[in-house]
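Naming follows writing order (A, B, C and D), and every chain is counted from residue 1.
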Amino acid sequence: MAAEKIMKLPIAKAINESLRKAMEDDAKVLVMGEDVGKLGGVFRVTDGLQKDFGEDRVIDTPLAESGIVGTAIGMALRGYRPVVEIQFDGFVFPAYDQIVTQLAKMHARALGKIKLPVVIRIPYGGGIGAVEHHSESPEALFAHVAGLKCVSPSNASDAYWMMQQAIRSDDPVIFFEPKRRYWDKGEVDTAAVPGPLHEAVTVREGTDLTLVAYGPMVKVCLEAAAAAAEEGKSLEVLDLRSMSPIDFDAVQRSVEKTGRLVVVHEAPVFLGTGSEIAARITERCFYHLEAPVLRVGGYHAPYPPARLEEEYLPGLDRVLDSVDRALAY
Amino acid sequence: MAAEKIMKLPIAKAINESLRKAMEDDAKVLVMGEDVGKLGGVFRVTDGLQKDFGEDRVIDTPLAESGIVGTAIGMALRGYRPVVEIQFDGFVFPAYDQIVTQLAKMHARALGKIKLPVVIRIPYGGGIGAVEHHSESPEALFAHVAGLKCVSPSNASDAYWMMQQAIRSDDPVIFFEPKRRYWDKGEVDTAAVPGPLHEAVTVREGTDLTLVAYGPMVKVCLEAAAAAAEEGKSLEVLDLRSMSPIDFDAVQRSVEKTGRLVVVHEAPVFLGTGSEIAARITERCFYHLEAPVLRVGGYHAPYPPARLEEEYLPGLDRVLDSVDRALAY
Amino acid sequence: MTVESTAGRKPRRTTAKRAGAKKPPAGAPDTAGQPELVQLLTPEGKRVEHPEYSIDLGPEELRGLYRDMVLTRRFDAEATALQRQGELGLWASLLGQEAAQIGSGRALRDDDYVFPTYREHGVAWCRGVDPTNLLGMFRGVNNGGWDPTGNNFHLYTIVIGSQALHATGYAMGVAKDGADSAVIAYFGDGASSQGDVAEAFTFSAVYNAPVVFFCQNNQWAISEPTEKQTRVPLYQRAQGYGFPGVRVDGNDVLACLAVTRSALERARRGEGPTLVEAFTYRMGAHTTSDDPTKYRRDEEREAWEAKDPILRLRAYLEAEGIADAAFLAALDQESEELGRHVREAIRLMPDPDTTAIFEHIYADGHALVDEERAQFAAYQASFAEEGN
Amino acid sequence: MTVESTAGRKPRRTTAKRAGAKKPPAGAPDTAGQPELVQLLTPEGKRVEHPEYSIDLGPEELRGLYRDMVLTRRFDAEATALQRQGELGLWASLLGQEAAQIGSGRALRDDDYVFPTYREHGVAWCRGVDPTNLLGMFRGVNNGGWDPTGNNFHLYTIVIGSQALHATGYAMGVAKDGADSAVIAYFGDGASSQGDVAEAFTFSAVYNAPVVFFCQNNQWAISEPTEKQTRVPLYQRAQGYGFPGVRVDGNDVLACLAVTRSALERARRGEGPTLVEAFTYRMGAHTTSDDPTKYRRDEEREAWEAKDPILRLRAYLEAEGIADAAFLAALDQESEELGRHVREAIRLMPDPDTTAIFEHIYADGHALVDEERAQFAAYQASFAEEGN
């Protein structure tokens, strides 16, 4: 792919190309996780990497997430840059202790004398008709924790570039991959100059209300904005891209213009990232807001069985319902 | 203590008495954790229980938190009501997977056919000059998760009664004990009729601004209200008591009266429980709020070494500073 | 993954013979380079004795085991087919593991308690769980949904290894009650790496809990062979925790029954846990979503076909004259009926009402759930109004 | 907890003799009912041989080990005293574990890497870490704070067991680099129950990582005796994971050195991990916050005094004429100086600037931290203004 510059790729393949590029550029970059080797991961995101980079750099691990993250920390201490795959969102919890008490805190514990450039890839979110634990959106549980950075791309180009940046970052990055968009294609320009990893991007301009989303919900919000446009409502859509840090400046700028904000994510609303955005933007834009910040997201319930997920997940109608409610203030 | 009705007890002892009472009332109640037996726990909360109820009901466990919670789940399935001690807040994370993926979800997974009356006691929060991992406030990481209930008493009477209620609850309850208040004494009336476990309590009436806190911060807020009163400001203080569910009705009632709200907790502000309170109360009281909901809490930083904790923790001055800022709107 | 059932098929004696020819003398374990395993029935269907484990079953019981395996396989094949037809979102086949599951499952008493993974359809069968109940979570209508206390068969657990601790805790409770029943925890070779399983070993040993850890080493954890989990045979893990481990031929239903029964009796006698490693093979894909051609050679699977658990018992039954044509024909028919029952049941299985999202989250209720349920109802109603 | 140092004290031969009288013949392990442990120096200070482990040290090296142990104990006693005086918030004493730590610590090469718990003050000493550096976290001025890469000595880890995985990962990295150095992970008997330690065993075995797991079984995890963690000796745990485990007399510095050296060499040769269980005793309280009278009998401690690691080496050195009065006097003086150095250093140890709260949270910065740092500064400044 060296010669080619612009490719049309599904998100999964964009991440695959990005991992490949990172491994080519830096011999210290490793990929590890369950089934990432021969199988290429259950979503084929690491497809072909073991074949090309060997078992020493693409490591099939024992079935133990704490062990995966714990040994990745050790390898990072030795100078490696491990990119860890957690097979599904719901399986990150056995590793939660290592992530929260070790990975997040070790740089500070050492007063900066050691760095932990570990990327943890988590295919997250619902919409694929899976069984329990395969559809969750646990990002708030990581964003709350200092020492971690959390990002989520919504399209192939961001998937490619944000992975490049995450791997180059000297901080631990939790990389949330919108699994139900893995097959969505988009253009990737491998010669582009990407914007900063933690900056939000305005993906649609508008004047009446701001929609903020990230990962899988950006597409829903763009559809909602298109639908609203037909009714004469002008919605601005921000792709947040980063849940820690959150680009509050970008959200503030937009809300100062539109006066209304709806935040959309799949994760439960209660203590989801939307709660922080609502709280902080209300503080920052108290005199600009013409309606309270509304949130659309999951319920305070375990992720439901697949036959109910359509009702559980924020969809076009629910987003538009909240838009209408916000505009009605 | 059978005859006596009103006792003046420190919080730690009130919990001890409550556990004793629960074990007397119900042979299925068990206490388990590291060092809870002979030692009576590092804070002596279980002092004397093993002596009186035996090793079969007060169980010193291996040093493995996932094992503790996982086996407690098993015992609950067998009909027991385990009260589990996690020695310090920072050591709950090895058990996080069992709590989040099993304890919280099993009742729903079984469509209600099994119940998990497990109480997890966590001495939490700072202010005791301890080393790392002994001073954290992780409540938001549990409150975000459906299937769990989270409570925290601020005084001896609540400590006694809320523990009674938590043990009787058929749901898993994470019981956050304000460890730096363990030695604060208060009256416990063992013949009282307690209010519902998840209802907030107005601990001081006021008209100008509402302070919401729980656990260790209630005391700080009461002090702040007293100080503010001297300056002629009338602050209402709500002891939230429950972080899941949150008694939003009570907060709303107060804010509709005062028009201003400051939420105080030790946990980091970013995605702390205050973010949810701010977001939801703003939605509920949009036309009542004369200032944005302000939050006082920990920073987006690992809990600092002991010599810095006074600066890190919300204290009287920081609360009053936010009160002033809210009143200045 | 091959979905066709071998139930009712003639045992392929030629294959069995060919495979047998390469093997050490009957009675010796047939896995070269592998440690001793308990075997009571060779792949060729010959009864052999073992110094420590014996079994003496009557014809009725032997036929029962055969029937269990055949029907379980049939059910499993039917479920795989239903997945292909879009009736299930996913299916985790037990093909090849029937002996491990029926042998261990039939060793249990009614008052024993079972903590399965997501693949113990054969054990569920032994417990009397209506097999169609197992389909709910794979169809996506619930996350388990049967009453675990009805048949002392816990819900399927998807987070690998967690249930080993639940089983241990349950067993600690059994001991506290002074009951003489036992608990069995199933898990796979992959699961053996999870910290939770290790902690279950520790707790069960320290408290001498009446639990049997039944590890079906089917040699694969999705795409990873057992070498990625351990460099010594898994049954040896137990010794370092202070309790016995034993490896049994997981494709030999008699040995699985004998070894599990013995471990359960040990537990009942208050002698604590045992680890049973049933050495078997996952004949199919990990699940219907998996594609094993990406990571394993067909020959491996073919070699294991010669050790098929059903064929070997059938060979024995036929050689001993225990299974006659009438029995086999009746079983064929029962298989067909089971298949029909399953197909019909799945088509009748209703989608849950959307309000189920808000049900059974808490036993004692929760204000936020109530609020969200009400909001959801109002939101739903708003469409109805518009629709009017 | 006894804080007085025995350094410079005459060995209490009478006690040693009395204790010795009750013991099996010299050379045999002295823990009745306990399994064989590797011993090269009896509690009475007599050199014995072991069929598998030998050591041949010159007088200089022997004196060096003695000096290390004495100074470590002195430092430890000083720190305990400083806690009493309020200079430290907490101290975790290593009293009684000097041989385990100095023996293993002196087996290391400079390019080896150490992952300690929170009690490895003796190992830190061997690594050349200025002991006053260890006090920072106990004083509450930092959470570690030394540069782990400076002496290949990782920060203290408080969450029990976590570091076993870090060590394993680091060792996997060493192997990838093709380096011949090794890694050592320290942990306690209590820690052996944590899932993370088990997972470290699994990973290290599967990847054949050059790591030595050094478990100081000091027989207590706060108030819990080792029976609450395991029902068989801990060194046996390794076998079930496919690598060797060995129990060494943890109060015998020579045996600890020999056994650790051998395990490290094994790792260097690419033969993978080893578990060393150093059977020792925590003479003091768990930490200065602990009160062992609540849970253990004085007699137990007294019995272990007879096995003091320092006294036994001293007996040997004196008997062999390796340590003369001049050496001992010089060491006494060195001890005093170390004590003074520590006392002075602690009093000079500045409190961190409050802005340290916001430092080093991220290597590449974080907008929220920047925002909070600025808010904090403004808030602080508001007092200054008011004060003006």
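Going forward, a contact is a pair of C-beta atoms (placed from the backbone, for glycine too) under 8 Å apart; a residue touches a chain by one contact, two chains touch by 3 or more.
What you are looking at is a predicted structure, and each value in this text was computed from that prediction instead of being measured.
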Contact-richer chain pair [B-C vs B-D]: B-C
Most remote chain, CA-based centroid, reference being chain B: C
Whole-Å gap between the CA centroids of chain C and chain D: 46
Approximate Å spacing (C-alpha centroids) for the pair chain A, chain B: 31
Where chain B and chain C are represented by their mean Cα positions, the distance between them in whole Å: 42
Interchain centroid distance [CA atoms averaged], chain B/chain D, Å: 37
For chain B, residues contacting two or more additional chains: 61-62, 64, 66-67, 90, 93-94, 97, 101, 105, 108-109, 132-133, 146-147, 244, 270, 299-302
Multi-chain contact sites of chain D, meaning residues that touch two or more partners: 142-143, 159, 193-196, 199, 202, 206, 228-229, 361, 366, 368-369
List of chain A residues in touch with chain D within their complex: 56, 61-62, 64, 66-67, 69-80, 97-98, 101-102, 105-115, 146-147, 149, 169-171, 198, 244-249
Parts of chain D lying in touch with chain A, wherever the complex brings them together: 142-149, 154-155, 157, 159, 162, 164-174, 176-177, 195-196, 199-200, 202-203, 206, 359-364, 366-369
Residues on chain D engaged by chain C in the complex (per definition of touch): 192-196, 198-199, 202, 205-206, 208, 227-232, 236-242, 245
Chain B residues touching chain A - in the complex, by the definition given at the top: 66, 90, 93-94, 96-97, 100-101, 104-105, 108-109, 132-133, 140-141, 143-144, 146-147, 244, 268, 270-276, 278-280, 282-283, 286, 291-295, 299-302, 329
Partner chain B, residues of chain D touching it in the complex: 89-90, 118, 136-143, 158-161, 190-191, 193-196, 221-224, 228-229, 289-290, 294-295, 351-352, 354, 356-358, 361, 366, 368-369, 372, 376, 379, 382-383
